[in-house]
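In what comes next, chain A is part of two complexes: it sits with chain B in the first one and with chain C in the second one.
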Partner chain A sequence: MVKYVLKRVLIGILTMLVLITATFFLMHIIPGSPFISDDDTAAAMKAYEALEAKYGLDKPYGEQYIIYMKGILKGELGESLIRKGQKVVDIIARCAPVTAKLAATAFIFSMVVGITLGTIAAFAKRRLVNGVTMVISTIGVSVPNFLIGLGLMIFFGVKLKLVPIIGLDTVSSYIMPTIALSLHPIAMITRLTKSSMQEVMRQDYMTLARSKGSGKLKVIIRHGIKNAMLPVVTYAGPLIASLMTGSFVIESLFSIPGIGAEYVSSVSNRDYFLIMGLTIFLGLLIIICNILSDIVAAMIDPRIKVGK
Partner chain B sequence: MKKKLTRVLLLLLVCCMLTACGSTANDGDKEPASDGEGGSSTGFDLTYTLSSEPNYIDPAIATDNNTAAVVLQLYYGLFEYDSEGNVVNAACEDYDVSDDGTVYTLYLRDGNTWSDGQPVTAEDYVYGMKRSIAYGPDAYFNYMLYSYIKGADVAHDEGLEAEDMTDVAIVALDESTIEITLNAPCAYFTGMLTSPVAFPMRKDYADPHTSDWANDPSVPTNGPFKLVSINPREEVVMAKNEYFVNADQVNVNTLTARVITDPQSQLAAFETGEIDVATYVPGEVATLYEGREELANLGPVVQNSFLWLNCSGETNEALADVRVRQALSLAIDRDTLVQIAGSPDYYYPLYGYVPKGIQGIDGDFREEADAVSHYADYDPELAKELLNEAGYGEGGKPLTIKYRYNSSTVNTDIAVAIQAMWQEIGVETELVASEQKAYAADRKAGNYEVARGSTSADYIDPFYYLERWISSNQEYKQVNDQKYDELATSANAELDHDARMEGLHAAEQYLIEEMMYTIPLYGSSSITLIRSGLTGFQHDPSDNIRYAYVTEG
Partner chain C sequence: MNEEKNPVSAETETIDPAMFEPLDDSEKNAEFIAVESRTFMRDAWNSFKKNKLALVSLFFLIFMILMAIFVPIISPFTYDGQDMSIANQNPTWTHPFGTDKFGRDILVRVMYGARISLSVGFAAAGICMVIGIIYGGIAGYVGGRLDMIMMRVVDILYAVPNLLYTILIMLVFGSNMFSVLLGVCISSWIGMARLVRTQVMSLKEQEFSLAALVLGASKQRILFKHLIVNSIGPIIVSLTMMVPSAIFRESFLGFVGIGISAPMSSWGTLANEARNMIYTYPIQLVWPVGAICLTMLALNFLGDGLGEALDPKKR
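Now for the complex of A and B:
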């Protein structure tokens, strides 16, 4: 097990190295500079040159790369080029918790709702119930989340004025972005749970449990759900990563000052050090989540071989 | 095995929750918003919007609109612009200029006080200016000081510390008098002193080279408001400064700047009443809200839309021919462009390069010129003739022009409209859209034929718009005409106001009517949504709004 984890961590470090190098050079290939403006004055020209020199952007890319990598070894991510004087680490420390709060809420919400709906759908005899859950999951998979977000915003926020539409100040302001973010995972989890549950119900041990005289509901909760969770758990790791990285549009729509909004603006501003910092942060997050879910999967199902 | 799994899952969950809790604790510091507003009970609270997160609230580096929109509420500068672009006295009560136009003596008004009760001295303004110069290239607008003030250029280039700037001609003669000496006369120098780079600073708080101190609410400011709390990603809360020199005229108790990045969300927030003033609204709002009293026109904005032409002929030789350039301009129906950009109540056809909102001889510079002649007018028949004369169009060589623009809805609509108008006179247009920074890089390198441009003025004077066409001011010389250089430079050096403006009018006429080195398209006014009943917004043509004197009812 230890050997397996070590191997995964080493691969993770190598992946990070490739990611950092690729991002660094790709980012410099994009035309434009953080300080360029469509302005022709003597003052603008002079300021542009002075700024390029101050932040070392006038040096060849190779040299800039070496300077940057040396900084990383020392744990330095540098300063934002656009928001003068602000450290990249501070910016990440400020926006990551905002995204994490929303991601955690959406994660819990989609797990609870998804598993419940999936279980109901698996046992529903009435076509109506089955139909309703499948409609929800089809909508969730096929309608993009920003459209759902915009619809919710216009109907509940602007027309009915039930919930605030910007920021994350109050508990009620979590409602709409959480729903918009969760619909897709809910759909996925519902489908996973449903098919896995139906599979589990056909197993011999379920028949055995029932024949021992346990109630139907008790059997479903104690044995059914527990055993049907493997595919859901393997889905959970990547889900956390995608909720952390994937809410770019929702964040911009609801003016949530999270990591997605920061990432998008850092690229259009060519804020090189911030782009690198955020890439490293998100890259690490995804790699860690994947390692964790692999380990968990290996623990649940001993048939997944570890160590080799 | 399953127990282990549950444990791992629980651990994951706890981790998520811990991060969530951690940041709630951080948000706690924005609560004590109410304790700063003791005194007046008659006032009201006001909320306006910022389109993105402000930087540190340090006037020296307030180079973006959002930081400036906060800094302006907190500090009281020497001068301000009024709604028509005139420089008016603020903390400076009166001033003298020496006969040769180089020595400015500024007299400060009494009662100008920091929010901690200390008087604002001439020395505070001197330190503010010297600190901006010493801050280096990040304080972009410090060029407004070092390009004009004697000794400041050298001090800036050598990176001198503020206290070592003994040769820089900004001197506090006594507690309330400042003397500034310029290298050469500059007719619009008081306009430079409206900039935040000339705001007063406290030596005991404002570190010369960092800015993080500025977001600390205990830092005194001398404007109508003082900082209460700041969460740059969400909001800046300010409270009335009881020590402000005009505090008796300030009715707003708590002023909040909300950060809302999405324009649609901003409109929705205005609809629900979460904000009182929507400051950046897309052009179509003028049509959407037509006839509603919330829609407000706060006055002209010094911003123009125009076409860069690569007149060197290096990318398209046809553009080196003045007849072709004039034909391209004559083919454009600016009234139609105004309809596309937004409502004619807020956009206007631009017949010269300098937009409205700038003072000329004794009125608006643009309106004065337009009354005499439209330098760039609409006449497709004449356009065809000129094009034929140049050997292009019907019966001549075919002409295809590459039109670059940075992609946005309105830029695309305008590009398509111009393409159709040029088609009318037999010119083919190839539209090339790119993202803002990539577009700017190409444009600056001269890698374009025609490009859509827009310029907003750093300071309000016609010369701001005219100086950029002087050949030595261009990185890539798309316009290289010594006659123009001479016209513009000599006009600007004129000491007499009227003679100077006459000269600048002549330079603009040569630039546009005679040579058509650039094609003006349209200008605009400030479109703002304001909750009905609110009045007294102090708007200037740089599109700054000061909220101190807003009243309700």
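Now for the complex of A and C:
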């Protein structure tokens, strides 16, 4: 187990290194500069050069890269080039919790609804129940989440005025972004749970548990769900990551000041240190989530780490 | 050795043809197979036809592709022809989908959008398929250390936050077809590569692969003519799932405002433009959104149908 975890962490560190390097050079290829202004008088050019020199942007890329990497080793992410005096760490600390709260709500919501629907669909005999779960999962897979968000916003926010359409200030303002973000994961989890539950129910150990005299519901809960959760757990890690990084459009749609909005504006402002900081933060998050879900999967099913 | 005559062949020469008599017809045809032998694809088509939803989806997609090709050719309107006197019209006979705020015909614009969105979808899926098949095929077939290295590279790419990268790439290479394709493909081929690798790994242990090797087929030939061809079912299914995800990614970019640039608008860009008009002319939003949703639905149903038809275990 320790060896397995160690190996995953090692790959994770390597991934971070590649990610940081690639982003650093890619970002500098984007035409434009954070300090460019419209007037090109001698004074403005002087100021521009002074600013470039102050942040070390006049040095060759290779040298800038080494300086930046040294900074990271010391845990230093630098400060924003646009918003003077604000540290990148502080900006992340301010906007990440907003996104995290929304992502956590959406994560819990989609897990609970998805697993429940999937379990119901796996055992449903009636066509109606099956039909309803099928419709939900098909819509979730097919309709892009920003369109769902837009639809909800027009109908419940603008027409019926039931919920606020901007920001995340009250509890009720979580409803629409959460649903918009969750429908796709719900569809995926429902499908995964349904197929793996049906697979598990055919296994011999389920028959054994029933023949020992355990009640049907008890068998499903104690043995069925636990074993059927494996594909869901493998899906959950990347899901957290994609909820954190993939909520750009939902954030812009509902004017939520989260990490996605910050990223888009940092890229279009060429705020180099902020781009790097956010990429590192999100990359690290994805890697940690993936490693965690692999470890949990290996704990549920010990065969996995031997197989890999 | 040469002197020693084969006793069997010596005897055969002396056999008198009169010892034989012809079979009668009933015996001749005893092993005749009455049912016409069907190829795998024919079988799959027969089972696919039974799935009405998938069949309807297939026809819808063909219809959509034909519309995307021919509507802009036939239509008297162009995608950028502005006419302020007819701005923001509701649907009429001349403009079945109405006109936008510059008086441009929305039907033609949606069909131009279909050209962009569909070609992004299919091109991206095609590129990812080719890369995935070659990469996954080699990793799975060669195996060992090379496989280990190739899969670690895939692991690293998999952890890249791909939406961030798509945005970065769009800004580096500009808002054009190339950067959209690059942004979509940078991570989407990974799933295909993993799928092909697992398929190839299990197929290469089977007897037909050994038989091909014994018959002297080269490794390349075995990999591409036998192993890949035999895993074509799952490949096609994952291909049909890749098209909607590419369309989704492209429309997402358009919706955020960094998609393929105006006046040639994709569906996402059209939806984004119409979003500003939702209070005054909500009907304008219906067309691009409807086009995206219906196409994605159709592709998903098609994928499900193909999945069932091409998987011999599910039939």
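Keep this in mind: the second predicted complex is superposed on the first by the 284 of 308 C-alpha atoms of A that agree within 3 Å, B and C clash if a C-alpha of one lies under 4 Å from a C-alpha of the other, contacts with A are read in each partner's own complex, and residues count from 1 in each chain.
What we mean here is this: contacts are C-beta pairs under 8 Å (C-beta built on N, C-alpha and C of every residue); 3 or more make two chains touch, one makes a residue touch a chain.
The model shown is predicted, which means the values in this text are computed figures rather than measured ones.
Peer 1: With both structures lined up on chain A, is it a clash or a fit for chain B and chain C?
Peer 2: After superposition on chain A, which the two structures share, chain B sits beside chain C with no clash.
Peer 1: Identify the partner contact of A:I11: answer first if only chain B is touched, second if only chain C is, both if each is, neither if none is.
Peer 2: A:I11: touches chain C, not chain B.
Peer 1: Considering only the touch criterion stated at the top, classify A:A100 as touching first (chain B), second (chain C), both, or neither.
Peer 2: It touches chain B, and chain C stays clear.
Peer 1: Using the touch definition from the top, say if A:I29 reaches chain B (first), chain C (second), both or neither.
Peer 2: A:I29: touches chain C, not chain B.
Peer 1: Between chain B (first) and chain C (second), which, if any, makes contact with A:T245: first, second, both or neither?
Peer 2: Touch status of A:T245: second partner only.
Peer 1: Which partner does A:I166 reach: the first (chain B), the second (chain C), both, or neither?
Peer 2: The first partner, chain B, only.
Peer 1: Which chain makes contact with more of the residues of chain A, chain B or else chain C?
Peer 2: B
Peer 1: Where does A:K59 make contact in the superposed view: on chain B (first), on chain C (second), on both, or on neither?
Peer 2: neither
Peer 1: In the combined three-chain arrangement, what's the angle at chain A toward chain B and chain C (CA centres, steps of 10°)?
Peer 2: Once the structures are overlaid on A, chain A sees chain B and chain C at 100 degrees.
Peer 1: For A:R210, select first, second, both or neither according to whether it touches chain B, chain C, the two together, or no partner.
Peer 2: Neither partner.
Peer 1: Working from the superposed arrangement, determine the closest approach of chain B to chain C, counting only CA atoms, in whole Å.
Peer 2: Minimum over all C-alpha pairs of chain B and chain C: 5 Å.
Peer 1: Would you tell me the residues on chain A in contact with chain B in one complex that are also in contact with chain C in the other?
Peer 2: Touching chain B and chain C on chain A: residues 30, 150, 154, 158, 252, 268.
Peer 1: Which bits of chain B are touching chain A when the two form their complex?
Peer 2: Answer in residue numbers: 1-2, 4-5, 8-9, 12-13, 16-17, 19-20, 22-24, 26, 52-53, 55-56, 61, 63, 136-138, 140, 143, 147, 210-212, 232-234, 258-262, 264-265, 268-269, 271-272, 274, 406, 435-444, 453-455, 458, 467-468, 472-475.
Peer 1: In the complex formed with chain A, which residues of chain C make contact?
Peer 2: Against chain A, chain C makes touches at 152, 155-156, 158-161, 163-164, 167-169, 171-172, 244, 248, 251-252, 255-256, 271, 275, 278-279, 282, 285, 289, 292-293, 296-297, 299-301.
Peer 1: Inside the complex, what are the residues of chain A that reach chain B?
Peer 2: On the chain A side, the touching residues are 30-33, 36-43, 45-47, 50-51, 54, 83-86, 94-98, 100-101, 103-105, 107-108, 150, 153-154, 157-158, 161, 164-167, 169, 226, 233, 236, 240, 252-255, 257, 261, 265, 268-270, 292, 295-296, 299-300, 302.
Peer 1: Provide the residue numbers of chain A that touch chain C in the complex, in ascending order.
Peer 2: 11-12, 14-15, 18-19, 22-23, 26-27, 29-30, 138, 141-144, 146-147, 150-151, 154, 158, 241, 245-246, 248-249, 252, 263-264, 267-268, 275, 278-279, 282-283, 286-287, 290
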